[in-house]
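Shared between the two complexes below is chain A, which has chain B as its partner in the first and chain C in the second.
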Partner chain A sequence: MTVVPYAEQFERLKPALPGAAGLREQAFARYAAHGFPGMKREAWRHTKLTPISAAALEPSAASDVSPGDIAAHLIPDALTLVFVNGRMDRALSNIEQAPRGVTIESLADVLARGDDLSPWLVQAAGDSPDDALVSLNTALMNDGAVIRVADGVHVEAPIHLLFFAKQGGMNQMRNVIVAGKGASVTVAEGFFGGKDAYWTNVVNQFFVAEGASIEHARQQNEGLSAYHIGANRVRLAQGARFNSVAVMLGGAVARNETRVLVAGERAECHLAGVSLGRGKQLHDSVTVLDHAVPNGVSDQVFKAVLDDQSHAVYQGKVIVRQDAQKTDARQANHNILLARSAEASSKPELEIFADDVKCAHGATVGELDKNMLFYMQARGLDPKTARALLVEGFVLEVLERIASPEIRDMFRTDIGGWLHGRALS
Partner chain B sequence: MAATTETQQALKDIGGDYKHGFVTDIEMDVAPKGLDEAVIRMISAKKLEPEWLLDWRLEAFRKWGKEEEPEWAKVHYPAIDFQDIHYYAAPKKKDGPKSLDEVDPELLETYAKLGIPLREQEVLAGVMGSPNIAVDAVFDSVSVATTYKKKLEEMGIIFGSFSEAVKTHPELIRKYLGSVVPVSDNFYATLNSAVFTDGTFVYVPKGVRCPMELSTYFRINTKETGQFERTLIIADEGSYVSYLEGCTAPMRDENQLHAAVVELIALDNAEIKYSTVQNWYPGDKNGKGGIYNFVTKRGACRGVNSKISWTQVETGSAITWKYPSCILQGDNSQGEFYSVAITNNMQQADTGTKMIHIGKNTRSRIISKGISAGRGQNTYRGLVRVMAGAENARNYTQCDSLLMGDKCGAHTVPYIEVKNPSAQIEHEATTSKISEDQLFYCLQRGLTQEEAVAMIVNGFCKEVMQNLPMEFAVEAQKLLGISLEGSVG
Partner chain C sequence: MTTMLEIKNLHAAVDGKEILKGIDLTVKAGEVHAIMGPNGSGKSTLAYVLAGRAGYEVTEGSVSYDGKDLLEMSADERARDGVFLGFQYPVELPGVNGMTFLRTAANAVRKHRGLKELDGIDFLKLLRQKASLLEMDDGLLKRAVNVGFSGGEKKRNEIAQMAVLDPHLMVLDETDSGLDIDALKVVSKGINALRGPDKATVLVTHYQRLLSYVEPDFVHILARGKIVASGGKELALELERDGYVNYVPEAA
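And then the complex of A and B:
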């Protein structure tokens, strides 16, 4: 019998982990039954995890960042929570400014004081081997944000979660975001790190109650040796809306998996992603959109621009259950390969059990359009600028889905940096 | 329909003639149930095979023992007991009905709707002694076949049964057998490699354009070749061949499991067109019985400018599991896949294609139309892979699903893997249903519900049906309507 990775850490660390002891034990047992998802698992077949399963990483040591370090990443007028090496940095956070009807807390605080978050937390993981790392996260979760927006409250300021990894090790983060009936809120996440190899395992849970709306923006700019495994679990009640845009720039191996359960009628879900890859990066975008009830609307647009030997994966699945009549689901994946050794894999999957539905998907892979390049050059642009402009145009379509202009601009700057960072020759 | 009454009348007449049909004692040559090396040796010995082919079979058998049944397809069925199957039976099943009177009237009704001539109906239904009748009576299929065969021989085309070819052209078989679908390619292909009993062999020599559609249909001796069929088609440089497999008429074959392997090889500038109409027994309305059709079909475009085109109309079988594929090795080679798959009642189909682009300027085109009715489950599963060296590869994929009823399912699982930036890959898919408006429009103009559905479905499948050879297309269109009977309203 092989030893389950991280079993030793769990035994040793659990007395010091904040609260929820029983929940952690159950979750660890679920994880241990399957272990790390191997590449033979269909949903994980491109994500090579052996380096982190073999490494037996320890939680990152406590560290700090200076206000100067984070200044460039801040969103003006946002409610900001800063986490460094998996722990909340109170000095750099300003959550006490949260308006009435909004509570923003550190998950560690909530669990330590014995609040029972299990009704929320247990909803994240199923018992499939594909959920093993979510279970491991539940067992080892160290900190994160718990955001609760009361019924009918519209939160003007974006809530910004910033995660910094300063040294090697692992950070098991868990965020729970609950929007009450008719509430609306914007939640942005940013992940940044140094040169060391480290592992971020982050699970976000979004509960969008009847008529509520969550705008979600994710900026993944981890260090280039990092492993980033992100899992989002979204539950939409009747008439709820979820709009998410994720930008992937960093990480050696990075995964962003979003599963949405459309549990209430007339709910709406928009998922989008941009992946910019270089070096030997692997960016894996996984979505499962589960339409369980009638009259749901969903659309997905995922785009990747790939340089060097990078590899982008899109595995999107739309399930339309037998009851989910009148569902309108769309799925699109477009990839541009900039270099000879870059690779794109796409699997837009439809699983449809209802007949009165509108479902469509499309996928393309190709290089930059030579006619467009020629057109721009004929008008006096040099090839480098022409290419940069085309790539920017290609990804901006996705960024335009971000409602907040501040966040959109920040993401755009990030992408601009990537474009200028590479020799577009 | 006039043809229907005519056929029914003729049916009655002929029925009288054969009530006291003659009974011939047929020697049954059956291997005991189960599979071991002895059975394989027996099959090989019965067929007087050379030593190398026996070794080839035995190697496959050993590998098969180590392989696992694939479970990734979206099909569900009770576990198959591979030791509960006869792997050799020749001549197969001769206890057929003595005349058309004894044939299931439902089956005859379908024949009538397809407009199949009576004598042909007898052959299809397996009426005892019917081949004899066919020779001296109206439907002279044997002499037709012989005439064709002579003409083909003059042109140097080899077209015959696989076992015959093993004796007459061992060098070709040895060179090409297993070169496209390797022995241990997958569980069912490996099983087939160990136990295949017969099949078709075609070789078209350099520069020859085969003047007629080759079809198993014309080749009496391939009827009932059994569960483990092996087909090998080689188109030498600059040649062309169009091959038709199957039959539009329903086949009441009692074999549960069919695991065939088809290998196509197109050399420089050669073209192979392979068309299938599969209408095996789908089981009854509750999913009892029916064929498991687990087939491995693959073509290799080995030469420059070569082309392989698959067209399939899949309406039968309880479970269909097949992915006719193209390996586009030669520069400028082309692969095509046109498919219509219908699942009604409890049928399940998991079908699609693989296009592997290896050579430069390779092109592929995939058009798949899935139709689900009743409680049928229809999955398109396809792979388009562009290897690093495949400069300027092009693919266009379109897979559309049509759902009829709220208890069926339509699924699309495309894989796209691209390692060359000059590739242009496009994939589109849609799902829809027959709208009330469309139906209303047709009914209003005097069509019955069933005619209307057949017409709309035929429109939906038009792009695929156009690629069928003429003689198939007409029957296949009728078949679509029949397969979907009772699914709307």
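And then the complex of A and C:
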């Protein structure tokens, strides 16, 4: 009899995992029914997972990170939670100053003290084989952040979740963010890692109550041998708003999947992504926008700049259910290839069951525009500088969707470093 | 006066089709030359060849600029060395901030001239000074270059760039096209403010209108890839009255 990958680890590790024993068993059973999603699954067909399914990774061992190591990644005046190799590092975190009406805790703490988060946690995964790694995450989740913002509370300071991977192995992270009615909060994530091959499997759940707003910014700059599988699950109540910008720079194979349920009328969802690829990186951006009720608005802009033999994928599905009249859903995907050997795949998908809706999508793949380059050269810019400015401009258009200037600047610095390292000539 | 630009027997082709068929033109420092001609005569091709656009292949002849072989220089080298092309259709650069773009360009030119590169604050000072000279506000430069600008705003932006880059040879390709009378006055004022004894201007234009505001020293008529007549500003007035019929019979 064949055993699904990670069955042995789960049996051995589960006594020591924090809380939620029953939920973990159920989730593992769901995962085990399907195993790792194979490349025959449409939604996973570019994401080759065999290196991590076959590797039988163990949870990463502990290692030291000093304040100096993280200084460059901090957002000024943020409430910061630092996780090193999958565990919260209290000394490096500063969440004691959380304002009234906001609780920020370690998931391991919350589960260990027996709080029942399962009403939230079970909503992350269905029975679909595409959700198997989210179920595996529920089974193995080790730590993460639980952020709860009370009704009507506006959190000024961004809440910053910083994940450092300094060892090989796996990090199973789970973050739960709940914004109460009329509340607003900014949540940023940053992923950084070393040279070792490791696997980050991270699941974020965002619950945005009536009239609430979440600003989400994600910076994925994992090590170049890393596997990063990120899944975001967003539920929007009436009049709720979710605005997300995700930047992908790192990883050997990196996926950022966002599934949004527009459950309340007049909710708004803005999803944006930038992927910068080099070497043989694969960056897979997957979205599913499920408009279940009328008068919802969603727009998506995903861009990629690809060098060498890198490959970026955008798979964006919009579902407009029968009741979801007057939905306005837009998708755009634009790619610039810096090398002939780079590849972009674009797959917008529409499933529309309502008759009075607006749905638009557009996709482009190309090289840098020759007219633009000549115009810049005619002003004295050498071709390399001109290319760098054009690529930066292409990307900055997306970063402008980030409301916080501090976060925008930090992302910009990261991107500037990437461009500087490219031979854009 | 020293010769700034000397074009001899210039032939140029685009996609294998010869457009310029033997142009001779000498421009001295301090002079303003207008190149006029009907559509398709090769005016814009001449401007692009001078600026060094790829795809505009010089098949015969020579162009010297300040005694150097202009055709040996890349487009960006020419710009840094003081050749400025004002575009008929300025190009939009999405996401590229106008201030960043112009400062990068200005510093590339300054570096080439052995001048100190400007930091953000010094650049802003220079910009304000040039903008007040041209009676323009610098608001446009806070946006992405030319994106969402009206036709007039794009042309004013070209002149603002020109003022900051301080070129020696200004080649302005149909800068008057698409401008209403107020914009034309602002743009002309800018061009006039940048005239000087050590600078030269080549105005490429279809109409005489611009020349009422920027007075040329010489007017040349370009037809079917050749200069068919040269004269003073009265030539432009003649064209305004009679059209190109005396020079290009089929234009009647």
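In this text, the second predicted complex is superposed on the first by the 424 of 425 C-alpha atoms of A that agree within 3 Å, B and C clash if a C-alpha of one lies under 4 Å from a C-alpha of the other, contacts with A are read in each partner's own complex, and residues count from 1 in each chain.
One rule holds in what follows: a residue touches a chain if its C-beta (ideal position, glycine included) is under 8 Å from a C-beta of that chain, and two chains touch if they have at least 3 such contacts.
Since the structure is predicted, the reported quantities are computational estimates derived from the model, not experimental observations.
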Contacts of A:L381 with chain B and chain C, given as first, second, both or neither: second
Chain B versus chain C as contact partner of A:A55, first or second or both or neither: neither
Contacts of A:M372 with chain B and chain C, given as first, second, both or neither: second
First (chain B), second (chain C), both or neither touched by A:E42: first
Which superposed partner A:F394 touches (first chain B, second chain C, both, neither): second
Chain B versus chain C as contact partner of A:H361, first or second or both or neither: first
First (chain B), second (chain C), both or neither touched by A:A98: neither
Partner chain(s) touched by A:A32 [first = chain B, second = chain C, both, neither]: neither
Chain A - residues contacting chain B, complex: 42, 322, 325, 335, 337-367
Contact footprint of chain C on chain A as seen in their complex: 370-372, 374-383, 385-386, 389-390, 392-397
Residues of chain B defined as touching chain A within the complex: 72, 386, 388, 401, 403-433
Of chain C, residues touching chain A in the complex: 51-54, 74-76, 79-80, 84-85, 87, 90-97, 100-102, 104-105, 108-109, 112, 144, 161, 165
